[in-house]
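Below is one structure, written out as C-alpha cells; the observations come after it.
Note that the chains take the letters A, B and C in the order they are written out, and that residue 1 is the start of every chain.
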Amino acid sequence: MTQALDVDAVLHALRRADRAHRRRTTVVHVALAGVLLVVLVLTVTQGSSVSVPFGDALVAATGQGSGLADYVVWENLAPRAFTAVLAGLLLGLSGVIFQRLVRNVLATPDVIGVTAGASAGGVTVLVLLGRSGAPTQIGALIGASVAVVAIMLLASGRSAAVHRIVLVGIGISACFASVTNYVLAQADEGGTQRAMRWLVGSLNGAQWSDVRLLAVTAGLAIATLVVIGRDLDALRLGDDVAAGLGTRVQRTRLAVLMLGAVMAAMASSVVGPVAFVALVSGPIAARLPAGGGLAAAGLVGAIVLTASDLVAQAAPGISPVPTGAITALVGAPLLMALLLRRTASV
Amino acid sequence: MTPPDTDVDVLVAALRTGRGRRLAGLLALLALAVVGVVASLALGARDIPPSVVIDALLHPSRGDTSFDVAVVIDERLPRTVLAVLVGAALGAAGAIMQAVTRNPLVDGGILGTELGAAVAVVSAILFLGVSGAVTYFWFALIGAAVATAVVLAMARLATDTSETVSLVISGAAVSALLGALITVMTIRDSGVFSAFRYWSIGQLVGRSSVLADLWMFVVVGLVLALFLGGMLNVLSLGDDVAAALGVGVGRAQLVAMIVAVLLCAAATAATGPIAFVGLVGAHVARLLVGADQRWTIPYAMLAGAVILLVADVLGRLAPGQGEIQVGVMTAIVGTPFFVALARRRKVVAA
Amino acid sequence: MSTTPRPLETRGVAIGYGGEPVVRDLDLAIEAGRITALVGPNGCGKSTVLRALARLLPAAEGTVLLDGADIASLPSKDVARRLGILPQEPVAPMGITVAELVWRGRHPHRRIGQRPTRADELAIAEALVRTGTAELSGRAVDSLSGGQRQRVWIAMALAQQTGVLLLDEPTSYLDVSHQLEVLDLLVDLRDAGTTVVMVLHDLGQAARYADTVVAMRDGRVVTRGPVREVVTPELLRDVFGVVARVIEDPDTGAPLVLVRGRHDRDAAPATPHPQSIEGAHP
C-alpha cells in the first residue's frame, strides 16, 4: 500500500508547510502592527508645532489629559491620527481587492472613477457652499455614488466582463475630472484655494466624528470581506474555474466592486481624494515575507497614510504640506520601483 | 446592368465604392470644417453676422476699424486657426498612436502624453523661471516623451493579462499621478495658480499669442505624419510579419511615436492638455476611410480640427456668463464616445 | 436499461451566445466511468457544448441534466461538488504555489471561516499523490512546465472530489511528452471511477485514449458511440473533410487514423491490406 504511505507523508509535509506559513504570516502582521503603533505614538507626541511633553501627550491620547495637552493631542492630533489609520486601512483594502479582481496592479478605485466622482462632488459643494466639513463629505459621497452607479449601469450587459467595467470607469473618471475642472474654473480665488487643498488630500480638521464614521465603515467592510474573501480568491483563478468551484461569478464581482467603491468613497470623503495609498498597499504587502494578504495590505495602507501625514505635518523644512502631496511624491516612484522588481502578484 | 463576372471585376467594383465613400466623407468633413470656421469667427459673446465676417476676411486691410472687424481679425481668427492646427495635430497623433499600439482606445490624452507635457512646462516655469512659448515647447516635448515611455513600460509590467486594457489602465494611472503633481505644484501660490490653471485642462481663450511661435512646430509635425502612412500600414500586420517584410519594427515604432509625441507636445504647449480629440478624430477617420493609414492620418487631422472647432464654439454658446473651456467640452462629449467604444465586446476581447 | 441516471445528459438542447443558436438538437448521454471525447473541426461547437455541460453557458432551449436533475436549478455549490472544470489555458495568479492552488479545489466543501478539516487535508494530499505532483507542492505554479502545470490544475479539480471532470483541450500547447503525461493521468482517473469528458483537437489522441467519441460539425452531433465504431474513414470524410485510412494500432488495438493528402493518394496501395478498412476514393 505504498499509495497510502505516500498520502500520509504528503499530508505531514503539507501540515508542516502550512504551520510554517501561518507562523510567518503572524510575525508579519505583528510587525506591521508594531510599526503602526510606533507611527501613531510619534504622531501624537511630535505631530504638532506646539511641543507637549511626551508623557502628557500619551496620557492625553487616551482622553485623560487636560489643559494644553488635551487640546493639542486629544482634540487635534489623536483624531487626526486615527482618521489616518482608518482611512489608510480602507484605501489599502479597497485597492488590493480591486487589483486582485482585475488582475492589474494599476486598476484601483483611484483609476476607475470612484475617486474622481468623490472629487467632483466634494469640490462642487465646497465651491458652491463655501464651507468644508460635513457638507463636503456628503457631496463627495454623493459624487462617488453617482460614479459607481453610472459605471455599473454602463458596464452591465450580457458579458459584464471586468475589463469592460474598468474601461467604462476610466471614461467616467475623465468625465468627472472635467466637471471638477469646470467647477474650479468658476470659483473665486478663495474658493479655489480651499478646493485645491481638499483635492490634494488633507487631514486638517479631522474630528472624532470622522473617526467613528470610518470605524463603522471599516468594521462593516471587514465583515463583508470575511464573507466574500474566499469567492474573491476563487475568482482570481479565472471566471470559468471559479464557476466550476461553485462561485457565483457575477454576484461576487459586483459585490467586490461595490465594496471597494464604498470603502474608497468613504475614505475619500473624509480625507479628500488622497493619491496612491490604494495603489501601493497591495504590491508592498505582496513583497513582504509571508506573501501578503488582505490584512497585510490594509495594515500597510494604514501605515503609509499615517506616516505620510506625520511627515506632511511635522517634517522639518517641508511642512506644512498637504498629505496628498507626500503620498503622491513618495507613492509614484515607489510604485514604479515595485513594478520593476516584479516578484509576486498582488 | 450586367453583374461583374470575374474576380477582377468584383475587386474593381469594391475599390470604386471605397473611393466613393472616401470622397463623400472628405466632402462632408470639409463642409463641416467650413461651417465650423465661419461659426468660430461669427459666434461668441458677441454674435457677428457672417456677412461681416466674410467681408473682414476678404478685405482685411480696408482700414475699417469697426469693433466687429477687430474682434474677427485680432481675436477670433487666430483662435480659429489655433483650433484648427491643434485639432489636426491631436487627430493625427491619435491615429498614429492607435496604429502603433494596435489599440483603438488610446490617444495623446489617454496615454498621458499631453499631461506629461503640461507637467514639464509647469515645472519649468516654477523651478527654472522660463518663459516664452518656444521654450515651453521644448520642455513639453521632453515631458511628453517621458510620460509616454513610462506608460508604455508600466503597461507591460503591471498585469498578467490583456494588453489592450492594460495600456489604458496604465495611462489612466500615470495621468492621475501627473494631475496630482500639477495640483500640488500650483497650489502653493494662489496668484500663480490662476496663471497656471489652464495647464490642467486645455483652453483656447487668451492663447492666440502663441500661434506665431508654435505654428511651425505643429506644421512640421503634421507634414511628418503624412509620410508615416505606408510604414504604419506594414506595422499593422503584426511585428513578425512586418519584420519579415523588411521593416525594422522597433525603429519604425519609435519614429512614429516620436512624431505623435511631437504633435502632442506642440498642441499642449499651445493650449494645455485637451483630451479625446485624438480618440474621436481617429475613429471618425477610420469609419470614413478604413484602415489604410495613408488616408486615415490626413482624415484624422481634418476630423480633429472639426471636432475642436465645434467643441470650442459650443463652449462659447454655453448658457450663463463666460464660456466652458474647450478641454471640458471635449471631455464631456468624448466620454460617452469612449464608453460606447468600451462596451463593444470586440474591443474588450482584443 | 439502467435506472441510475447518467451523470450528464442533454435533452433537446440549443445553445447560443445571444443571437442564433450555435449548437442545436443536442441529445447527449454521457456514460459514467468512461472517457468521452468531443471532436470536430474548428467552430463546430464542441467547446460550446462542454461549456453548457459545465453550466458556464445557459441552454437556450432544452435541459442539461446532472445526475438526472436539471442543472440550471441546482445550487452552485451542489454542482461544484459533482462537476470539476478545467478550461483552456487557465491562468494562475503569479506566485501562487501548487499547494495553495490545489487547496482552492476544496472551496465547494467548506464553509466560511472554517478551519481546514481532516477531510480537506486528505483530499489535497490524495490529489497531489495521484497526479504525481506531491514533490512540487511548495513551488510556484508559473515556474512549472506545461505538463506539470496541467497536472496541478487536474489535482485542484481532484481535490474537489467530483464524480465528473470536464476538460477543454487539455493537451493543446503542450509538448508531446507532456500531452501523454496528462492523457495517461486521465486514464488513471477513469480507472478509479471518474467520468471524464474532454474536448480534443487531435482526433488521433481521441482515438487512442477515449472510450466514447462524439463527433460534431456545424453545431450538430454527426455521430457518437464507442471509439472503434465511430472512428472510420467515413467520419473523417463527413466531419473533417479529409480522406483517410483507419487501421488497427498494432500495439494497442485502438483505431489508428492515417490521413491522406493530395500528394499521398498517389502512393496508396492498389490492393487493400487485410487489416485495414479502405476509405472513400481520393
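The working rule: a contact is a pair of C-beta atoms (placed from the backbone, for glycine too) under 8 Å apart; a residue touches a chain by one contact, two chains touch by 3 or more.
All of these numbers come straight from a predicted model, not from anything done at the bench.
Averaging Cα coordinates per chain and for the whole protein, the chain whose average falls nearest the overall one is A. Of the two interfaces, A-C and A-B, the higher number of touching C-beta pairs belongs to A-B. Between the CA-based centres of chain B and chain C the separation comes to 51 Å, rounded to the whole angstrom. Between chain A and chain C the centroid-to-centroid distance comes to 44 Å (mean Cα coordinates, whole Å). Between chain A and chain B the centroid-to-centroid distance comes to 35 Å (mean Cα coordinates, whole Å). Along chain B, residues 160-161 each make contact with two or more other chains.
Chain C has residues 91, 93-94 in contact with two or more other chains. Among all residues of chain A, those that touch two or more other chains are 103, 342, 345.
Across the interface of their complex, chain C is touched by residues 3, 6-8, 10-11, 13-15, 17-18, 100, 103, 158, 226-227, 230, 233-234, 236-238, 240-241, 243-248, 286, 291, 342-345 of chain A. Within the complex formed with chain A, the chain B residues making contact are 105, 109-110, 150, 154, 157-162, 165-166, 168-170, 172-173, 176-177, 179-181, 183-184, 186-187, 190, 193-194, 197, 200-201, 275-276, 322, 324-325, 327-328, 331-332, 334-335, 338-339, 342-343, 345, 347-348. By the touch criterion stated above, chain A contacts chain B in their complex at residues 102-108, 110-111, 154-155, 157, 159, 161, 163-164, 166-168, 170-175, 177-179, 181-182, 184-186, 189, 192-193, 196-197, 199-200, 275-276, 279, 322, 324-325, 328-329, 332, 336, 339-340, 342, 345.
For chain C in complex with chain A, the touching residues are 18, 51, 54-56, 76-81, 83-87, 90-96, 99, 101, 104-105, 107-108, 110, 112-113, 116, 121-122, 124-126, 128-129, 134, 137-138, 157, 160, 166.
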